[in-house]
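This is the structure, below, for whatever I ask next.
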Amino acid sequence: MKVGILGATGYAGQELVRLLHRHEEVKELYLGSSSVAGENYDSIYPHWLDQNIGILEDENIPDMDVLFCALPHGLTAERTSAFLERGIKVIDLGADFRLQSAESYEEWYKIKHPAAELLKEAVYGLPELYRQEIKGKSLIANPGCYPTATLLALVPLLRKRLLQTEYLIIDAKSGVSGAGRGISLGMHYSEVNENFKAYGVASHRHTPEIEQELSRAVGSPLTVSFTPHLVPMTRGMLVTIYAKVSEGVGEEELRSCWQNQYENEEFVHLLPPGTWPQTKFSSGSNHAFLQLTLDKRTGNVVIVSTIDNLLKGAAGQAVQNMNLAMGWPEAQGLKGTALWP
Amino acid sequence: MKVGILGATGYAGQELVRLLHRHEEVKELYLGSSSVAGENYDSIYPHWLDQNIGILEDENIPDMDVLFCALPHGLTAERTSAFLERGIKVIDLGADFRLQSAESYEEWYKIKHPAAELLKEAVYGLPELYRQEIKGKSLIANPGCYPTATLLALVPLLRKRLLQTEYLIIDAKSGVSGAGRGISLGMHYSEVNENFKAYGVASHRHTPEIEQELSRAVGSPLTVSFTPHLVPMTRGMLVTIYAKVSEGVGEEELRSCWQNQYENEEFVHLLPPGTWPQTKFSSGSNHAFLQLTLDKRTGNVVIVSTIDNLLKGAAGQAVQNMNLAMGWPEAQGLKGTALWP
Amino acid sequence: MKVGILGATGYAGQELVRLLHRHEEVKELYLGSSSVAGENYDSIYPHWLDQNIGILEDENIPDMDVLFCALPHGLTAERTSAFLERGIKVIDLGADFRLQSAESYEEWYKIKHPAAELLKEAVYGLPELYRQEIKGKSLIANPGCYPTATLLALVPLLRKRLLQTEYLIIDAKSGVSGAGRGISLGMHYSEVNENFKAYGVASHRHTPEIEQELSRAVGSPLTVSFTPHLVPMTRGMLVTIYAKVSEGVGEEELRSCWQNQYENEEFVHLLPPGTWPQTKFSSGSNHAFLQLTLDKRTGNVVIVSTIDNLLKGAAGQAVQNMNLAMGWPEAQGLKGTALWP
Amino acid sequence: MKVGILGATGYAGQELVRLLHRHEEVKELYLGSSSVAGENYDSIYPHWLDQNIGILEDENIPDMDVLFCALPHGLTAERTSAFLERGIKVIDLGADFRLQSAESYEEWYKIKHPAAELLKEAVYGLPELYRQEIKGKSLIANPGCYPTATLLALVPLLRKRLLQTEYLIIDAKSGVSGAGRGISLGMHYSEVNENFKAYGVASHRHTPEIEQELSRAVGSPLTVSFTPHLVPMTRGMLVTIYAKVSEGVGEEELRSCWQNQYENEEFVHLLPPGTWPQTKFSSGSNHAFLQLTLDKRTGNVVIVSTIDNLLKGAAGQAVQNMNLAMGWPEAQGLKGTALWP
């Protein structure tokens, strides 16, 4: 099988290269780039020395089975129909096909959607929640990292009406690699190290994506308070969620709901009561870990969910989606636990 | 003036040594310890070499003006009345005199209060909120770090009834130094570094302290959801708070309330709209920084507050309390902005 | 094939579990421990949840093909002959069989060697330098991390007499995981983070190991100045080496020597001139990276070598040795480049 | 007294602001900048909020007593004579006046020296070694950070001929803040964190500065092997030095030499035997710490020296130089030990 990546020089792109390079079904791997075409991949990432991976001009991407697009928003959508017409399945790690509404996209991303007519063909690629819809699909919107960690925790509970929706507080924390390889003062080592901050307060673009999927789960529109924070570490993502349980719901019921949803899942794990997720549990792997407690003093359930932002939050989930779309074993190329310590 | 410290080998104790060593009013400084009495302080902290600071047996602490106690809970209370009788002012950096109710202390700290009769003599030492009560006092309960960051943000708003109290979500993040110098696997470098986790979920001992003071501000009992997290950095603390504003309250009103409260304060700063606190703004200093926004989509105000957990969250505030108790300029020995970067 | 690990709860042990769990030839994996026998592995490392790996009493380790010993020095040697008699190949990640001289062992490790008679049966397991001797062997001494990084750089050059041996300066830097999972104040997060220090100056136990192998390469005894340092990061090791080149030797000759030695090696890479190794190039992988320059002003060659201390410096190399001993493809279970970023 | 800073927005500049803001002799402080003139300093560094510090157009710097220049090389020299003519003492934190030879400057800095005629008027401002020459001077070249840490260790030993000079190996390690506030991929958080690397191997511009001062100490030209490395931490610098002792010299003699040199120094400390410097001992302070051991096996002395690169390695030493030049107490504004932890 032939597989390609556009945007292979970014961090999510590089993680895709790492995963696909050892994926048993992938026989040929093409990297495309507009800025560094013609170079060898180790001129960007020297540790890829001796692996002989070249970078093509974006325009010269040949026919293939699957194309991953890890590009800034807007750039994927404008080329997608051309790829689909050539019979290439597209998995978009960007934001172009995550929101079903072109209006919402324009409101939050500040550009007109370049291919609104394709939105209805796209599937939201969160396998544990929408597996059947993903199988065999040709256009898959790979979820954002924050939405992935949040939705795995909340969607099952909301589908079963175990939570009230009056207030849903999602306090999220991410390692720095989520901001990508683009340089800026805000990502300068001396400014980030030994520092912790909130950013995008009440305005982060993953908000409408989370709300869309939670509204779908509960069957009516809802809003969430979502605040991302930057943690001085490279990888890892953890979200802490606060919500009021529905009348009469106890901790056991919440836990059972998760258990029913995830007991046969390879990548989602419910920790034993009292053991709280740590981001390192997921680091370098595609695994997610969940925990909750019902605080009887306040009636709030407190939920913690963790993933590796570059694996289950980006490249790992994208490969999982490819496996589903192609009919391969879902965990192909994704085996392995976290790198510890 | 003569000043002493019990528990000078811990991190808060060492920070006190640093501050008091350069404090202009402090002429003699005694360090007491049960475990390393007789040694020179640089046998514990080699960077104190050539400063000639000895450590006394705890029992031999001489008469003095002020004694700081940076001891595990329980140990201060059992000796406090003896110190007070000798005319020594006591500033307790531990938890023994923070809760006004001995029952609450026993419930959360799991021991009988060793000196319940002194609770009514103690003042809660948060100068910006209780300055007049602290002046000249002989027994001061230095607040916990999480409560300090939280109360500076919330108390003025609650006193003015600008927030509803149905749900108050306090999602807190702390650097590792807050856990002290005691070793454990959970504080082992390789387990903490590049890792982020929640701990003490729905059970942290700063919860009743926060609730006591917020209830006092609003005039009736309330509860909060408080979740602390451990950030892979040494210093710094940031809390993100979510609450519903009272009917008709706008962002400007919230901001004005803070401004009225803090405009003449040396150590509490309101950042300009859009600039969010970072823990490094406070690092190595006694300054606190605040910011908020009213999220119109949800009706929630999102508040962020940051301090250095060892300064405004411990030793710095303790020195501020000493200054107030002794009638010295409140910022004596506490001048200086953060160490950056 | 059946494989076991003694000392599976330490960091090197855990890394072995990770590698062996996905190794295609390993059908059964036994973990032994004296302290936590009977528990499930995820009680130690929660991220191994749902993988169902139990821990046996050390004494109950069944017959098997290969046993990895990741134990403190002294503990492996005293049990090795019993294992060998049962037909179990032993790969020791500790120090018991690295030094060929029992006297040297006693001098540096301060205990009498528990099985000096086995020293002549052991092979020093650095595959790139001693591949033929390792094949089929039953007792393999897995090299120390510092020696591995150093010997890969120096042995080829010394074998060819390209360096003088009057002074060999090895300035080494390691991430903290090399110190293992045992807690101590020196490994306490707040003491290590944002800190850098030398340790074991002129006294580290890897010194005689390095000297033994370099002396072997050059054919006569030599000494080295070896200074390890602790870097505030979890993984990674880098050594900087200074030596005087032999009369008339140029940079090209040094480079060619390495190239001849390593051109067919899967795990050792010569970076292009001007690109210097970074520890992250190796992180999470079994790869080593080398670079050098001849400083014409001083006549010294400056060499930099980097590995992941837990992979090529411990568990990865041990698996490579197992593959050689068993006749499997040498890179089995070790494929994959570094985790970046 | 009136004092000014050119280049106040960089890290060394900001550290100067912090030190001078609390310096008792400094009554007026002017900040100059070409890029952000007219703004308030907290628009660059928000933690300076409420301190009311404005930034002037570089050209408008008024008459004053002392001007600190923290500018890229070349920019200070071309304006120095104008400042000197106005009676302003100049302390240059850059490289323009460190090398006494304009040829050497041109060779290493690749530009013609803009004011070679001033070189003979400049003094190399390392107070512990050249105190008498600095007093009252009008043009002071503040030493580089690596040279400071190195020279404090080596100059006294070389002056007394206790070391041979055939080979002097200086293996240096620095925190990231030394690279300044300018952004680049090499300083991007995700590229630096959990990473360690050498840079500028055999080509760093501090080499001729070190050689100049060591040659002066020993009275004849010598060369050194100098390799800097980047440590994943913000502050701190540590150098490890290897040299052969002169015939018959023992460890005690080396130690006495240091002791004689530094026993009355406020900022240079000899640690007790066996206690090795850690960068945190100096962090946030102007103190330097030294240690050595004579390795009898090799005849090499191993020396470790540590400073805070932004204090004793830049702004702290600059203030020390100002105090000397102005006849104020040398430690004015520099009191205080390291921030720990």
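Note that the chains take the letters A, B, C and D in the order they are written out, and that residue 1 is the start of every chain.
Keep this in mind: a contact is a pair of C-beta atoms (placed from the backbone, for glycine too) under 8 Å apart; a residue touches a chain by one contact, two chains touch by 3 or more.
Treat the numbers as computed from the prediction; the structure is a model and nothing was measured.
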B-C, A-D or B-D - pair sharing over half of the A-C contact pairs: B-D
Chain separated most widely from subunit B, comparing mean CA positions: C
Between the pairs A-B and B-D, the one where more C-beta pairs touch: A-B
Where subunit B and subunit C are represented by their mean Cα positions, the distance between them in whole Å: 46
Between subunit A and subunit B, centroid-to-centroid distance (C-alpha), Å: 38
Geometric centre distance via CA averages, subunit D-subunit B, whole Å: 36
Touching two or more other chains - residue numbers and ranges from subunit C: 11, 177, 190, 193-194, 232-235, 278, 280, 341
Of subunit A, residues touching subunit B in the complex: 167, 169, 171, 173, 175, 190-191, 193-199, 201-202, 223-225, 227, 229, 231-236, 238, 240, 242, 244, 276-280, 283, 293, 295, 297-298, 300, 302, 304, 341
Residue ranges of subunit D in contact with subunit B within the complex: 11, 14-15, 18, 21-22, 45-51, 177, 194, 234-235, 269, 271-272, 275, 278, 280-282, 284-285, 287, 289, 335-341
Footprint of subunit D on subunit A - complex, ascending: 11, 176-177, 179, 181, 183-185, 187-190, 192-194, 232-234
